[in-house]
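Labels run A, B, C, D, E and F following the written order; every chain starts at residue 1.
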């Protein structure tokens, strides 16, 4: 039963990601793309979680948190880049 | 699955080659990225796919996936990351210094006469 | 290391000290330090006559590289001794002469004498080594010391030209000879000449025999300036005159003759040997003498004369080799030709040596060697004139000088050619005496030109740089010694014949009974009439020279061998440059196209030829839906990168492909890989963005145009990779060694994550250097950004 | 335009802990579960990058006054030293030793020279990543 | 003292630790120089002892991490690798002392010496490892170090050529990885001796031939054989002289070594195809190399194309596969490493003096710099294989092997190439050293005498190497024996197999 | 029906809810008119969806292994904390980099505020 649910869920997630990819490519503005990327990252987290149920192993649970972290850092970086032109500021007081 | 993977890898290599043959440095570096993805997937495929479980002992499984290709890929990933990073910075510097990212303008043939 | 070896290398040893002596004793002419050595060596070698004249040889061996059959075997036999005496004897005279010829204030005497000593040692080594590799070693040394001596006045363009030419041609021959030597080794299993000779009978049928013969002859011909390789010799006259006297007439050019003589017992059984040597020799004889007549430079005349005389000796040696074909009666016939060769070899060294020195004196005292400027010097330098007369008359073959004797013997040999019944000599062999006679006429003419145009005729002081006067005594000693030898041997040839020539003959034609008696008067035989004819026609032609000199204009200047050499060299260089430039165009794309094209071509060929494409589906895993989905994602992602124009999109697509790959790792049960790939991909994408955000907007013309070649090549690469992957997978024959890790990871390495344990333990060595790679990359990136040596930003960053 | 990033900065302080905790976990557990020095190092540098994003490079270099190149070199020295340590015992290079120790809180723990090796990897990775980021970030 | 089992790793470990240490002293150039020079010299001694040890005790192996072969990584020092390691250390030492006066303080401060040491680590590692994937890792170490050395200084030409160089090497690395993957798929192991055993069991199958060709492409790209060498002349042209020397002497030779190793250890079952192919390629390599060498009047280019010629000659010997030709190849390989380094260092001095590498702008150097001139002259003779210098014996053996196996064309071309090599190199001597002396801008501040030390050491070694061939020869033939007889190697590695 | 069955039903429910929410979020991102609304959909719905899935996963492994898996908890907490911040940052970046609001938006508070501040400043 769980497996069927997982399969359905993965399918849903995949469709969701495909839709987000559409947004990612289409844009139109850069923030749109970032939104899509962020959402893809989050969805990937879900997919990995589902896959580990599917494969019945807890080996991939590290991947979940990692993806979350990366997606967050990525989003932050992108936002800052869009807002200020550079991602890493040398000295904010200047 | 291995057959499918072989084709996927072939396509990765094809795209990589095509990109590396173009003029723009960025596309070339993207090509090298694809190339290393292809190579890594190939190691995995050549080791045999989906035989047994994750190579973590204690998974109570009768057989495990061949861990060697994974270890090799890990090493290869890290190395290609180092090279890619270097290449990127080089491209950046070259652009600043030479004012172009077009390799056709980077010919240069000192001493060729 | 025996005394003999020491004798051979003593010039090298002395050469080491010459620069020091030169520095220490600046006011003493360095030549004085050199002179004792050749004299000492000469007297040392004289002591061997008593041994060789009883047909014994002395062999001393010092191991060099015995592992490959190379030992420094010094062997003194008749032939070697003859040459050794020439080298040291003439060497002594030349050194003495050079002391007066070269000014100690103006010239770089240290280098000069080092070269000269190197040459002397090398030459001794050539003639006294029994091992072919050692011989070859010394052989190349003579080439290089000659190169250095010709280029002695290196700021002259012509010196450099001549040096390069002589080096290229003689080294060409040397390499060919090396090839021949190796072929001989393959046939006989030894490099030692004596052992090869012992096996000579057994190898004639070997298919390598003829190639070896030709290779070795090529070496000899180039060294001895045989037609058409003679072109280097006239240009070698750029060397100081003592050098020309020593190397380019008396000794080095005879190394080729030595080699032919030395190898005669090995090769002479083959008829090809006879006619190749005789044929090339006679051609050279003619060509040299014919061209000598047109020269206006005294040294050039002598150079062509040397070529021609070398040809003569060569042709005699060739004919003499026929002796090994026949029974006793005819044997002595041809043996006599060999005797003539050896005899003339010696004579040539004497008269040509003295003539060179004479020319040197003229040059030294008048400042020119151009016969158009010279004339009437007889009154200013009577001794020199006398010496010149002796030398030239001997060269022209006039009695009572030694040249007459050997010339007569030469004619005898040429007439006997007709009786030779190998290679159809009886039909076209007639050419030999005819050419020989014509060449002798020319020889007579240029000899006369040499002496009479210089010393008689009108004195033209306005064309000379200096006021001519007789040379200092020191300078005259050496030519006087040589001229006296010319006369003495002319009258008493048999002293030489019995003591030195006969043992030499024995080495060339072993086990032959040859009458070595040289007589002055043969009776009224064809030879005598030939000589008389030469003199008569020669005088006639000499007197009418200006009238028929235009004959030479018939030879188009563009077709000379020199032109061929010059243009050939130029053409090779230019063609190479053009060729290399066409494919080395500096564009990395082109290079990659070559490389990939080769990759596709050779692998496709191999797969086809070896039937390597095997497709076996028995060993594959199932295909899952999600995997196909991911595969599609990768395919779509990677292909769409090709067609997008925006940089940002391309980078993001690359990232997407990378993430998909990491999902593959998840599906294919590789958690560590998935983790790493994810992080790495993220950082890579970030780096891509960091490094490329500053690029300006693309211009339209830089849009990615589709290129068919690129497409074909990329599809080829992809196809090859796929095909090999399929067949490699279908060929899984062995089990992986992974079982061991499963068993030992926990018990032996105390870990459960096999991949990680492999990384830090089983294959920790890989990891250690993998992180080294990373560190180096970081160092490089840091240095690349911070250190800017060539650019405009140089000042900003310091 | 100047903006303050108060929300980001506050969150960062919290999140940073989670990341660093996680990266240590991944680093130490590498021998048993997926992870290891490599990923751990990358995560730690991720944390530092997050700091740089939330604040600025100067502030971060004040908080963490580390020369990252030296850090990488130190890591390499650790790893290389673990490898070369075998020389003193005359066993083949890189031979690891391990033992089990009962520690008060953590319980039965495997003490492992491989961990030192992995620590080297960790340091190198952090050092290298940060060197790259810092150098590029400081340029222009 | 008990026998030191880690001995064979020392030549690798010393530059490795030195390299790390030098990073910490980046700012202090003087200390860097001292450390680098002393450690390099020490390493020469160690490498020499290693050669002696291999001579006395046979092949040395070390199972890193104590995992028995083929499961861990095994390092193997047979005579070939020990000799190459020794040569490498010598070249490293000379390059380092040459760098003191030529490379410039700026580069020295930016990790020149660490990168150089890591390059040596990579090279020595590649020579020593007995594991095919570990070979890849060491290739990457040396490549990465070479990228750094190539680009260090950041001049326009350096940046430009580094891009090309990296691109080619990234491709070759990727191909290396896939080649290893294919091989692993078939034989399921990575230890080279073990691969050899398994391939032996397998016999020759078509796929193995394909993989052999793929490996040839991979190593050929590094080694610069036809038609894979195109990147080489441009890239080697860019860096300063000591780096050029290291590249010319070491980098290509690693590729050559790898071909030697794999083509004598693994791929020996279909020599009719693989080695024939190699032979054809090497012959063409010699020809194009020679053509390139005489095509240009730029001294760097001349020497660079001579590298290609030498690679052709060495690999021709390998392709012939007779004991003689293999010994010749080994002999010639070592000779070429030393003399190429010497030549690059010498022309480095010429360029420093004259400020140009265009031969048409140089003349008459020998008047003011006789030492330089004569060293160059001898080096030229050595390069051309004139006896008794070192190129000769190797060439004779290669040609002999070629003739013996009736490869007359190839052996003849090897022989003939000497002439054109001599021509190309003598062109430098005749035009650059002879001729009318000129005044050059660099003359006042170039410490010619101090710079000459390094090339003089190398040339002396070359000369002794040739003249003392008898002393060297047992070593060479031991190396060649292992190559001709893979079982020796296999037994040494897989003891109880 | 024992505990395990109940667990299973809860897990299935969580997973399916999560999947549905994610789908909705994706739908929103595609269909909504401007970046702010899309961001809204993504950060709210997607986060909730993922949290549900993760909770399901956590329960699954809890059920299976009988012990708390700290990593999943940590993951849940992490996403819970960061997701809103990420959403906020994107919106702000979009606004500050000048991405236009949907033309049917009725109110722009920030603009209003700035305008008033500007007035006050005068």
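Keep this in mind: a residue touches a chain if its C-beta (ideal position, glycine included) is under 8 Å from a C-beta of that chain, and two chains touch if they have at least 3 such contacts.
Chain-to-protein mapping (UniProt): A = Na(+)/H(+) antiporter subunit F1; B = Cation:proton antiporter.
Here the structure is a predicted model, which means the values were calculated and not measured.
Shared contact partners of chain A and chain C, listed by label, are B, D. Taken together, chain C and chain D share the touching chains A, B, E. Every chain gets a centre from its CA atoms, and the centre nearest the mean of all protein CA atoms is that of E. Remark: among chain pairs D-E and D-F, D-E carries the greater number of C-beta contacts.
Comparing the CA-atom centres of all chains against that of chain C, the greatest distance is found for F.
The mean-CA centres of chain B (Cation:proton antiporter) and chain E are about 27 angstrom from one another, to the nearest whole unit. If each chain is reduced to the centroid of its CA atoms, chain A and chain D end up 24 Å from each other.
Annotation: 34 Å between the Cα-based centres of chain B (Cation:proton antiporter) and chain F. Touching two or more other chains at once are residues 10, 30, 55, 57, 59-60, 62-63, 65-66, 69-70, 72-73, 76-77, 80, 83, 87 of chain A.
In chain F, the positions touching at least two other chains are 71, 74, 78, 82, 85, 89, 92, 96.
Within chain C, the positions touching two or more other chains are listed as 577, 580-581, 584, 586, 588, 592, 669, 671-672, 674-676, 679-680, 683, 687, 690-691, 694, 721, 725, 728-729, 732, 736-738, 741, 751-753, 755, 759, 761-767, 770-777, 779-782, 784-786, 788, 790-791. Pairwise chain contacts in this structure: A-B, A-C, A-D, A-F, B-C, B-D, B-E, C-D, C-E, D-E, D-F. Remark: chain D residues 26, 30-39, 42-43, 46, 68-69, 72-73, 75-76, 79-80, 83, 93-94, 96, 98, 110, 112, 114, 117-118, 120-121, 124-125, 127-129, 131-132, 135-140 touch chain C in the complex. Chain B (Cation:proton antiporter) meets chain C in the complex at residues 1-24, 26-27, 29-30, 33-34, 37-38, 40-42, 44-58, 64-68, 70-71, 73-75, 77-79, 81-86, 88-93, 95, 97, 101-104, 106-109, 112-113.
On chain A, the positions that touch chain B (Cation:proton antiporter) within their shared complex are 55, 57, 59. Only residues 2, 4-6, 9, 13, 16-17, 20-21, 23-24, 26, 62-66 of chain E touch chain D when the two sit together in their complex. Residue ranges on chain D touching chain F, taken from their complex, read 1, 3, 7-8, 11, 14-15, 18, 21-22, 25.
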